[in-house]
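These are the structures, in structure tokens.
Next come two complexes, and both contain chain A; in the first it sits with chain B, in the second with chain C.
Here is the complex of A and B:
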């Protein structure tokens, strides 16, 4: 009897107290990309890409975008809802674009709702747009049916091979963490394509400067281990393209808490892909190329680090490494310390293959 | 259902033999006649139960050949295996009903002679139908208890293999055999089984599945708590592990217990192929069952509540297949699941040839037509068909029925609470399984309670040299499977 009563109560609670809002897949217009442009200090102009799937079998999604102005992201979304035929759902958001002008004024208030939301994945890609995000998101591109799909593929598949990996999770960690500054890829609409333009450097949450595509690649080499891309070096009036087979990086901190010294050890393994007019059939000749490669990478890396130090932006996260090396490291001193910390780069290069003709 | 009033022992009187005869005479197949005019003996038997050869060659020819005056003389003269002289009317009745020839004197003589001449129709031993395996023995149990015990005994030719016989069923008087190996099987298990079978109070017992339901620890659970097998090799094998087997006359299967859930996923074939392959196949079966239970509920939960978890590349396929379908995912899923159940029921009831046609009609025609008519999405059709297929991978047929059933509460919870509902329902099923016992032994052993030594033959099957001990789960009296190497040699080597 007691048992029956228990189950009746459970069933009653389930049935009568039941007011979960269903989000049936085909009744949701799924937002896949959003971008924000600068209007004035308090106002943003937000564009939302939410492809529409017409009814029927084997149908192709149709580009659909909505633009509205507002102070907060959610207000803008509500404004967008005024035009959308179905309930807009942000759960599958993949690309989040920030106009350069917005980035210069600070992105904290834009990123905050992303961090709070439980619906949004931590792996969505952020990017800074050189130009209007509205134009970029509403344009038609010849190489893709759906704009947002092109954008997310570009950010996930292409740019992640050229630029250091960033996603919402790392951006939030860099924004809040000590001794590290966020960075994002810059993209630009160019004719009927979207193009990767380099790396945007942030100081706190504000855009300060950018790195070229080449420097962005060097930055990636100093930031993480990876294995794709090409290093191009000049050797004896010829250009050599070396495929990156493996690139490892290791930070070593020495000195004292007041005078830390940082050495970055980079190990590169490569394979010569192009080198017209070069014969590399002896070890000595390969060593010579390796040496040239080492020299060039060291110069590039050190120049990049000087630039970062001059900008006083610690995008490589050196501060965090120094802090974790010394016990009770005085955090407040790092701001002034950073521009003058000696950071050396030690590159070790190794060419394992020069192709099948030699 | 079980009738509570137990009949008391009936007091038979001598005159009841006459009553018995007259009662039986009402049946057309009962023969009762005087041997000849001057003979004092009467002969009675059921024509349909006796072997005519024995009646004519071994009994009537001898009786007619010489003059007998007493039943003792006949008993000495007839050379048939089982002859009994008795006055006990209840045993007379019982044996007549089993095909004995009754010989008695009309006069007040109380004793009767019973000559066994029973003819039992039985099927030839055939190959296993539901537990077929490509390699290994191809014998299956038949409906005769003696044949079945014979099939087991020839695999365990030791005196320790013992069979206790009970009679169950007020009307059916079914012979039930409890088989075990003394010295290995736990006495407690044997006693539990015998006691529970003795406690059965019902008028008929047609098959082992009756016993399986009547002596189950939890009769309301959809999960069977005794393994029902039609393979004598499997039965013999588990007997040697220390289990108890129950065989019923008239049933082509044996029940073995105590059992655990993992045993329902082990096919006997697992032992006939290399251990690595056997283990992989067993894991595939486990995966298949999980898939079968969870795939449709997950489809409903995700499409109703959690579009966020659908990968980008699948999204287009799902949206375009769902687009234009007039039902919410739950209705779509329930309708399709019911269609599959319909096909299954129809296929099972129809003769084999027609059943196949129904399968094709249902699978191809209805499925494709439903998708083209825009009633279901083709993604769900694949999911439901696959999960139906996966539920058939269990080697023990009863479990696949349980899997069929528990899918529906999962669907309901998926609709009510989404993924949380699936989790809640899983928790409830798990709690039920944790509580379940088989002959008083935990059903989820060796996972819970965790017994690492029994893991060697649970989710995976390790090679035979790792299977040195019998499962602790059954509390075997003799744990070691491998024989201890004796330190002394029995005989000298040639070169010694």
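Here is the complex of A and C:
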């Protein structure tokens, strides 16, 4: 009897003190994309896309977006809540846009809540927007019902073939890590489409310059192993398109800690996709194309590296490679060392086949 | 002197593997990488290996103590130090076990509060956990060992989740090897060795293992496996996070799980935290069991009657620790005690026992 009473009391205490907030999927409006525009030094204008799914069968989602100004991301969200019909949930945020003007002033205060929050995944895509994020997020696009869906597909699927892989995790790691600087894709609203415009380079957390789409692709080649995309080269007054089957990159550091020398070895395997007026039936002719390909890629890559060195941004993470090569590498010296470090690119090209005709 | 437990209350020797392994693995797996990386940087994995080796040695000593005494530590205390001093030592050891109980419970509740339910009250979760612990401990030692075994099989799949982050890994973070000084690496070893603690409960549960001597081998295997798990859980965060980032991250392992992404499951860390209950539960149960066992041996009180009051005491104590900073301060304090229990107290008892046996023989 005593025992039963005891357990009843415990059960009652637990029952009446249960105060966890339940989150039912149908009662939440899920934020899928947000963007931030520059107002002044301390103020941001935030736009939130949270598509609304009306009740009923086979209904199409409605684009819903909310805009408000504030100093912090969470305050802006609270402001957005004033207009939204349901509780806004951030758990499935997929795209996070930063206006170029905001990026120029530094993004640390914007990125901090993303790294701190437990609700947000580490694989959300960040991008810099050339122009107003509000316009980009509130516009309707002819090729997609839901704006934020179009945006996340573009950032996750299409851009990853042209630009180096970026996500929240890489950005945070590059921001805090030694000898590497973050970079993000740039997108722009163009008529009724969103367009990938190149790569934004950051120094620490501030935007400094950008690379064109072509240079962004060369950057990808120097940054990571991948297998997508087309290289276009000019060979004997005609253009040839070579599909990238596999691209590998390896960094090799030599010299001393005070005078490091870096060589980047790139191995490319490709397949000729277009080459009108070109006959590639002999080994010598294939070799000639490979040589031309190698020459063009080396020139492009070295030009790109010179540009990064002049900007003093180590976006490729050369510093990290140099640090890991030398014991007790003086980290403070890297800042001054970097612009003058000799970095060479050795490209090895290999044409595996020429399609179904010679 | 209480009689040794009867044969039907004992477990097979190979189960020592699961007991030792599950006691060494705890809620600290979420956070330990950061503490040792703070000391030893990217050479932290060397610290893990050295600590593992040291623990093998201490475990051997622990086994020597109980094999020679052929009973649990309470009886050995009494034989070596007499009724009063020995009793006091046992009481201190039991208190230590209960303090660890509070630390583990509070740390796990904090993880739930930060990662899953910010509005969850400490006492609420404390009572829920206590009910679970109560049910298992009332089931007796054999049930708790069964829980250890289950926890092993529940957590093996979680090990595989460490493979996901490797896709984004940068292995140059591990180089150059041995860049940090020996002192820094040993400092990391000290931090790491504390994390391996928990195997001390062997001092209490040895009489409950059939053919105790044969279980020594299995206990050593258990430690070796724990070392492997911790090694993996250190290496992966080092290659995944950049150094500055890792030093900021309070729960590196949990943050790693944020990248694990299945088509049907967006957030793996919620699953991870939930499954981790089964890692933490055997720890809680065995600590409580050992503490009540010690009290039983000391004061001849029925073990069952002690469970409920102790649980209430721990829930009360854990509500007193209010925030993360206090938790980490308390943790550091308990770590300090753990370190001396493992590396000073156990060797001391071992040597004392060795000498007193020799003296007695020569007499």
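Keep in mind that, in the parts below, the second predicted complex is superposed on the first by the 342 of 358 C-alpha atoms of A that agree within 3 Å, B and C clash if a C-alpha of one lies under 4 Å from a C-alpha of the other, contacts with A are read in each partner's own complex, and residues count from 1 in each chain.
The rule is simple: a residue touches a chain if its C-beta (ideal position, glycine included) is under 8 Å from a C-beta of that chain, and two chains touch if they have at least 3 such contacts.
What you see is a predicted model, and the numbers here were worked out from it, not measured in a lab.
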Contacts of A:62 with chain B and chain C, given as first, second, both or neither: neither
Contacts of A:352 with chain B and chain C, given as first, second, both or neither: neither
First, second, both or neither for A:9, with chain B first and chain C second: neither
Which of chain B and chain C A:258 touches, first, second, both or neither: neither
Partner chain in contact with A:23 - chain B first, chain C second, else both or neither: first
First (chain B), second (chain C), both or neither touched by A:121: both
Which superposed partner A:91 touches (first chain B, second chain C, both, neither): both
Partner chain in contact with A:324 - chain B first, chain C second, else both or neither: second
Chain A residues touched - chain C or chain B, whichever exceeds: C
Partner chain in contact with A:172 - chain B first, chain C second, else both or neither: second
Overlap of chain C and chain B interfaces on chain A (superposed complexes): 14, 18, 20, 91-92, 121
Residues of chain A defined as touching chain C within the complex: 10, 13-14, 17-21, 91-92, 118, 121-123, 169-170, 172-178, 180, 317, 320-321, 323-328
Chain C to chain A touching residues, read off their complex: 114-117, 119-121, 124, 127-128, 131, 168, 170, 172-176, 179, 241-245, 248, 255, 258-259, 261, 266-267, 269
Complex contacts: residues of chain B adjacent to chain A: 302-308, 310, 312, 315-316, 318-325, 328-329, 416-418
Parts of chain A lying in touch with chain B, wherever the complex brings them together: 14, 18, 20, 22-26, 28, 30, 53-59, 61, 89, 91-92, 94, 119, 121, 149, 152
